[in-house]
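Note that the chains take the letters A, B, C and D in the order they are written out, and that residue 1 is the start of every chain.
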Amino acid sequence: MLSTDICVRLRNPTLLASGILGISYPVLKRVYEAGAGAVISKSISIEAREGYKNPIIVKTEHGWINAVGLANPGVEYFAKEIENCDIPLIVNLVGSNEEEFGKMVKILDNLKIIAYEINFSCPHVEKVGLEIGDDPELVYKIVKKIRSLSKKPIIVKLGLGSSNMIEIARVANDGGADAITAINTIRAMCIDIDVAKPILSNRIGGLSGAAIKPIAIRCVYELSKAFDIPIIGCGGIKDWRDAIEFILAGASAVQIGSAVSERWLDIFNEINNGIMQYMLRKGYKSIDEMIGIARY
Amino acid sequence: MLSTDICVRLRNPTLLASGILGISYPVLKRVYEAGAGAVISKSISIEAREGYKNPIIVKTEHGWINAVGLANPGVEYFAKEIENCDIPLIVNLVGSNEEEFGKMVKILDNLKIIAYEINFSCPHVEKVGLEIGDDPELVYKIVKKIRSLSKKPIIVKLGLGSSNMIEIARVANDGGADAITAINTIRAMCIDIDVAKPILSNRIGGLSGAAIKPIAIRCVYELSKAFDIPIIGCGGIKDWRDAIEFILAGASAVQIGSAVSERWLDIFNEINNGIMQYMLRKGYKSIDEMIGIARY
Amino acid sequence: MRIVEIEDVIDESPTIRTLIFNDKITANAKAGQFIMVWLPSIDELPMSVMIPYKYDEKLYAAISVRKRGISSTYLYSRKKGDKIGVRGPYGRAFEIKSERSLLVGGGTGLVPLIRLAKQNRCHTLIMGARSKDEVIFEQLARSMVDRVIVTTDDGSYGLKGFATDPLEELLKEERFDIIYTCGPEKMMKRVLEIANRYGIEAEASLERIMKCGIGLCSSCALDKYILCKDGPVMKGSIILGLEEFGKCYRDKSGQLKSTI
Amino acid sequence: MRIVEIEDVIDESPTIRTLIFNDKITANAKAGQFIMVWLPSIDELPMSVMIPYKYDEKLYAAISVRKRGISSTYLYSRKKGDKIGVRGPYGRAFEIKSERSLLVGGGTGLVPLIRLAKQNRCHTLIMGARSKDEVIFEQLARSMVDRVIVTTDDGSYGLKGFATDPLEELLKEERFDIIYTCGPEKMMKRVLEIANRYGIEAEASLERIMKCGIGLCSSCALDKYILCKDGPVMKGSIILGLEEFGKCYRDKSGQLKSTI
């Protein structure tokens, strides 16, 4: 009843968002066992990255702002970390150009991972993420390169950059992307007025949590109107109501990020149960029937 | 102690944001008398606009989403509305091209208004606002045109569009803009999951309120680092703490929008008092001393 | 936005119906406050809060709608089981005084007065209608108010004439401490002028176009007042000093248009 | 983030200082929980919550920091009147049991044990230090715990040897229901193994790199556990089954590095 399709069939529509508990395989496996439909790794880069100095996150009134700085063990190490992967794992990749992505895919493609998610939208690290995602030509080249090297589904993860999201989605789609995740965090900042300093060591970070949900809903709505490929909604989901809102807006599945911090790993089962109750109440038999119906 | 400069000296740094109570002169005057440092009109267009059908606003968990549709009586009518203006009033203008702006400025320029604010950032009306604000060439032409017709300060109001805010600010500055307001609402949507429909008649609207504050703080910070002209902060301010955060980020003044709905007209005095207490506690003698100090 | 189901529909007249729904928050509304009623995909309209007849007043509320244009007719046609959205209650209510009060209302303007009479003992209610057909809430009113006087323009029921006719007569003979009124603006104007003439405190619940309902859009501006915040109920003494009252209103673009 | 002012500084040893501040929320921390301490423009570090000595325990809390690298040395050097930021308390605390308990700690690992002893009657505390200089909290401990045993590696004070030496001796002779430990990972490992051997329940408060402190970044991952959420206090029976405990930790990039 809860199963859904994002170019690969999932047992339910709730995914662990990238960057949340996504570095250690035993932890990823535990999250899957706790109820997630699939799990996504932290963004992996060609070399290991320590990330920014602390503080890397600050809770604001209605969300969180983080600048982890893409800390990750690098692709070679991570390939070993997940070599015995036996869960539906999507590996999220970040890089600066098509060569880097090509190298990473070559290292990973023989592993039992179910898809790639390409982070075109990290808002707080230079020369990767959004800076790439704002360049249509580069997005096209990168997706095309990965497509040429792998048969696995490619999901592109978009955010609010200095470009038109629909246009970037279009070139990604042209390059061979199979699905779109929207959205990543939004560039933001928090200053403590008592000490008159930005809190994050990187000063600027990305806003996640309830604050960004209405923006993410709008993006999913616009993308799902414009494209026929699956859209994966992400941004501010903390309960089944939020998840349903994304599905009605046009999402085939949803990702849960910062809210994991508050509800912990039960959140996946809680949301899935809530969705199921809603479907029973409304008479829906499959997630499919609900996707995008707020459009009509 | 509270006076500040945004190319024109104001008695205090709290302005009424555009679109809030900004159509009737008696109401604008009342807001000024209630304590605002200056008031800004609703966006005025060349022709009268009825705006969208209801619902035009919806309260979400952490903000509001509105799609008023730029309802306004048109420039000729509004010029009569404010003909006896004797308060510091800034007229906000919206239009599609430099001719429209030129016509409006000619009609308004003899009135006793203290500045123009150009809305390059309304996120939910086609062919005006953001669609213009995303086009650097057009922004340049419009500001240049107004500059050629008027000696009054020109404030450009920017938002999160599909372009680089710093670049748009730069061309506006090149064209002759004297100050920048950041930010307008952010394109967003709210779907009611019970009836499975978007709530706003226009489906998509602009998110305001506390949700967008961290994003607005970041924009003010980036703009004030990049430019020497006054930045006016706007987005999610509901108390003196928020106002101070904007000032520390680099704002010379702030605008209060949706929060007026909750604290009503007392909000201006409340925020001004709070700022004054803070200054006394911290030993600041003028707003000037505080502007942008979180940058260092 | 709260989605509620219509649980009962009551025909009040050939053009007015009362829709009853379960909503604790609206049930708490004070007399004179209004809610914004969302008709998904159609419109959103301000409506005064009505009492829920036999339903539990702590849990239920109602609206009484007259079919006029497209949206009100759509709302009027909602049936038991249909869903509408509500937000609010908003605005300033009647100030309740435990004194000898006189209520004067017409049409759906009676709605807040009925709620007032329910929440507070009221002495006399004068209700005006065009004709017998359009007399509403009479039974209800009689069960709550000490004295009810009905007028019809055409004399087809009750006294012939306007609601303001018996008002003058009563004031000549009896002492009242406060007058509450709601109905067509012209009627309210006359009521307030009469009250003023007799030196009696008065409050009226006014109407203007309401878009946001929460003091942001200024579509409900009336002179320097914002009706959804400073009203809809305002003091007669203030209202009579307004330039726009009884003369003009702001249209959807914000231009002042004559009400005549 | 809550900004607090340091109101008192206490030298515990040549390298360890206790900083006391007023913060109701931290004052409510359970023994074993930690806070994230923000040093504006410098860093943010996890710190166990200490008791505030003579200050009101309902309003005050403290941290005891050893100067090591740049950030901890910066924190160590804060003076009365300086401001730091705190968030939390976070994590799983010691489970308080009203049984005969044995505490074994070393260095700043004594911090959560001191808080535990304050909140709950504890029978015996064994505290280990390298030398006499580094013995901390002794007076404090003696005022709260029935019996305090001090060991130093070099024998310059108390018993010569490691804290685990008297532990074995005691367990041979006396009955304890639970052992709580915090300190260097090697020490904790030995304590847990001994507890296990004697069939006694045990809990240990562990350390890993903590960036977010709230279960998001996974920098504190230890096998399948996330220490800021599932810990820092974990059950001995679980800890002893972990592959990484006592052997390796994740560095800032997430790579497993040997602790030896």
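Going forward, a residue touches a chain if its C-beta (ideal position, glycine included) is under 8 Å from a C-beta of that chain, and two chains touch if they have at least 3 such contacts.
What you see is a predicted model; the values in this text were computed from it and never measured.
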Without chain A in the mix, what are the joined groups of chains?
B, C | D
Report back the single chain whose CA centre is most distant from the CA centre of chain C.
D
Per the C-alpha centroid definition, the whole-Å distance linking chain B and chain D comes out as 51
In whole angstrom, the CA-centroid distance of chain A from chain D equals 36
Using the average of all C-alpha atoms in each chain as its centre, how far is it in Å between chain A and chain B?
33
Which residues of chain A are in contact with two or more other chains?
197
Check each residue of chain D and list the ones that touch at least two other chains.
none
Select the category (line, ring, star, complete, other) that matches the graph of chains linked by touching.
line
What's the complete list of touching chain pairs for this entry?
A-B, A-D, B-C
Enumerate the contact residues on chain B facing chain A in the complex.
60-63, 65, 134, 160, 162-165, 167, 186-191, 193, 196-198, 203-204, 207, 210-215, 217-218, 221-222, 241, 244-245, 248-249, 278, 293-294
Sort out for me which residues of chain A touch chain D in the complex.
19-24, 26-27, 29-30, 42, 48-51, 53-59, 64, 66, 68, 71-74, 77-78, 192, 194-195, 197, 199, 201, 257-258, 260-261, 264
Help me check something: in the complex, which residues belonging to chain D touch chain A?
1, 3, 36, 38, 40-41, 43-45, 83, 85, 87, 211-212, 214-219, 221, 223-226, 229, 250-255
